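Order as written gives the chain letters A, B and C; numbering starts at 1 within each chain.
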Amino acid sequence: MIFLKRAAGIALTLAVLLILSFVLPARLQDVVFRVVMLSGIAIIMAVSLNLINGFTGQFSIGHAGFQAVGAYVAAALTVYGHQRLFPFLPQDGNLPATFSGFLTGAPAMLAAMLVGGLVAAVIGFVVGQPSLRLRGDYLAIVTLGFGEIIRVVVENTDAVGGPRGFTGNIDAGISIPGIASFFWVYLTVVVVILVARNLRFSVEGLKYLSVREDEIAAQAMGVDTTRVKVSAFVLGAFFAGVAGALYAHYEQSVLPTSFGFIRSFDFVTMVVLGGLGSISGSVLAAVLLTALPELLRSSLGQLGAEFNQYRLVAYALLLIVLMLVRPQGIFGRGEIDFGKFFRRRRTAAVTALENEGR
Amino acid sequence: MDQILQQLINGVQLGSIYALIALGYTMVYGVLRLINFAHGDVFMVGAFVGFYSAKALKVAEQPTFVGALATLLPVLLIAMAACSVLGLCIERLAYRPLRRAPRLTALITAIGVSLFLVNGCQLLFGADPKFFPQVTPTGEAATIRMGNITISKDQMVMVVAAALLMAVLTYIVNYTRMGKAMRAVSFDADAAALMGINIDRVISFTFGLGAALAGAGGVLFAALTYAKILPIMGIQMGLKAFVAAVVGGIGSIPGAMLGGMLMGVAESLVKGSPSWGGFEPSRFADAVAFILLIIVLLLRPAGLLGRYAPEKV
Amino acid sequence: MPVLTLENVSRRFGGLVAVDGVNLTLEKGALAGLIGPNGAGKTTVFNLLTGVYAPSTGSIKFNGKEIGGLKPHQIARLGICRTFQNIRLFPDLSVLDNVRTAASAHQRVGLASTLVRNEKFRQCEASVTAEAERLLELFDLKDLMHEEARSLPYGDQRRLEIARALATSPELLLLDEPAAGMNPQESAELMGLVRRLRDEFGVTILLIEHDMTFVMGICETITVLVYGKPIAHGTPEEIRTNPKVIEAYLGKEDDDGGDD
């Protein structure tokens, strides 16, 4: 029964995402659709960072570095693997907005997301393993430094364009394919939110939270804190890598400077603003902080551009004031109730669990 | 061999800047157990204040080494004073209210302050780079040759000035009442408070002192390495200097000096190293600091001269 | 075989010898006390037993297995759990979740099962929750189970910490000043509870306590530690009349008072 229900749920979600994937770009203004896509990517970044910073209480401030890894690795895969792996993709990277166009791009996108995510996860493991044994503030520095190493490496790798950025294999005339449609971005959004939620409301997830609450007590209760921290880090890095793959195949170009620490701080701001540990808070903050500047810039014209100059100063002040007056974030640590629909499902799930326990 | 010696000299020059900034990180960490992320940006403000005061004072090229040092002195003092005021303000407004808050909260605030300084300066000074007027002699008089090695007057001024500042700091920390209070607070803040030490004053003093050194570093860096003065210049320098403090052992003042020197030398050696068949290590010089950091954290987490203090249970 | 054997265990911090040649044996089901003036090294002994520190020399055997130098979580999983002198709950988690975290110590659901919420996950979740609720019932905390741990009154926090430690189903329970800050009535109730834990659950208990009524009233054997050295070991009656212990606590007759 549960299995059937689940299968139906998955099928329905996929269908809705697929339909929206064709409807939205046709119906929405370009600017608005762009905001929708960038918000989706930002949600993936913010929620995955929340797994590390909010749930586990570690302090990673190099999340954009993992996004960079995913973006570059995935883009290199689709560009340089073009002939051997994905010969059916058009060389200029532009697919028709039809169902067959979607199907043509799907294997490449899926492969890019998985490879981008996995490579980022492996690097997360390599970076996290030593530094997570140490006190929290060292992690901050190591993650920041890691982002810098990534930038230096990318800028000195000519195969991915070096400091000029990467748009494809110019000699062979192959561009990064634009295959990151709404479907893929929001499928990942759904998956990352589900992962975070399933973790948050489970005994396994309590181990993560206990590390945040009191590491020494957690150890004394049998929690292998290093392992928990490393898995949070690896999981977070994986989704950041996937977000990078999506970003690269949406923008069809990547710049080393798009993933600097300023960008990392954007994600930290989102997580903190939304409330450390709150999934819905991260989602809302990600949308807000992505949509606001984009929309203001486009709707207010000159005024918007001017606003954008003050935006970063405003973020910084916001962050400071928030920490001074409301350190738990605007939306706090709890979850926002998205109406009765969810509540009924939650209580039903809880009763089901209790009944099984008896 | 000469090549290596030459790079060593360049490394000492760079290292003395790292050391000046690293000292501020290490002192603040000592008394507050906080990574003052904004410290690198205080260095940047120091460079800007130095630039504008040098213009106001109409600083010009000096024919001699001593002349250059003397001309820089007033600029240095103004920048140090301005930066210590800035340091005091940051501490008073942003960090003091959070003294008892979780470390994460304080750390986020520190990042907020850093972003505020960077973006505030971007608005205030614009994004085009500024250049410090020439102070040291140019042409024939610019360098001293010893065999195949050249030492520029820039390097001499930089190293001498940094050494003097560090000597003054060592004196303050070891022989003055305030310095003793600082060491007491960083050893055990609660016990120091019970002994009648005014913790708030000590912390303010530490911030002021650290900021002044960073300001001096900013002026020396801008004036003597001909670097672009930019609002974002502090981020990377700050990061590397922090790494230097960790390498030397965070909380340890001699450690910060040693760590800074090591970092400067390591970076210069990589920068000056020849290419190994298509691979050019010099292009990765900016990553050296962080690779060094990871190695040190793996082998000796407390840093070279630091003491490892596990949390009390 | 004794549950716990300490042989000549020492721990140095730089020049300071915090624990100096401690020998101690606990039989299964023992209820023992560790007392001594402040700074005698009692908590350090606990930290050595739970893996916070590794012993500098000597051997610590738990059920015949050497545990000196193991990681805290490994020791906890072997069956030693503790409470802390300065309460260390998970303050933002609910009372129930505090206990559930500990109750899951022996459960290996794994991340994958959790993320897909399969049958294994459901069973584990249900059994952990049931176990936690049972313990909270025993500790009279069930009505408060949805409160945040930080919002509990002090005495309840102390009891919650014991409940949490018990949730890991330890064979050996270490209580670090369990009655600290409790009023006489609370502390008398706690005595009853600790005794029940031993009698009903068969847990071996070692406790540190400054409240002499508590220690003398409940412990069957007591070890006295002074400056890291064990100076006496015996029944409460023997300890009460031991001249060395009296001297350590009160100072010699000709000293002008002891210092605490």
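Everything that follows uses one rule, which is that contacts are C-beta pairs under 8 Å (C-beta built on N, C-alpha and C of every residue); 3 or more make two chains touch, one makes a residue touch a chain.
For clarity, every value in this text was computed on a predicted model and none was experimentally measured.
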Labels of chains that are neighbours to subunit B and to subunit C: A
Innermost chain, where centres are averages of C-alpha coordinates: A
Far-end chain from subunit A, centres as C-alpha averages: C
Gap in Å, rounded to a whole number, between the CA centres of subunit C and subunit B: 47
Inter-centroid spacing, subunit B versus subunit A (mean Cα positions, whole Å): 35
CA centroid of subunit A to CA centroid of subunit C, Å: 43
Multi-chain contact residues (two or more partners), subunit C: 52, 84
Touching two or more other chains - residues of subunit A: 216
Where subunit B touches two or more other chains, by residue: 313
Partner subunit A, residues of subunit B touching it in the complex: 35, 94, 97-98, 101-109, 111-116, 118-120, 122-123, 235-236, 239, 242-243, 246, 280, 283-284, 286-287, 289-291, 293-294, 297-298, 301, 311, 313
Subunit A residues within the subunit B interface of the complex: 53, 57, 59, 61, 127, 130-131, 133-134, 136-138, 140-142, 144-146, 148-149, 152-153, 156, 216, 261-262, 265, 268, 272, 276, 309-310, 312-313, 315-320, 323-324, 327
Partner subunit C, residues of subunit A touching it in the complex: 194-195, 198-199, 202-207, 209-210, 213-214, 216-225, 231, 235, 333, 353-354, 356-357
List of subunit C residues in touch with subunit A within their complex: 50-52, 71-73, 76-77, 81-82, 84, 88-93, 97, 100-107, 109-111, 113-117, 121-130, 164-165, 167-168
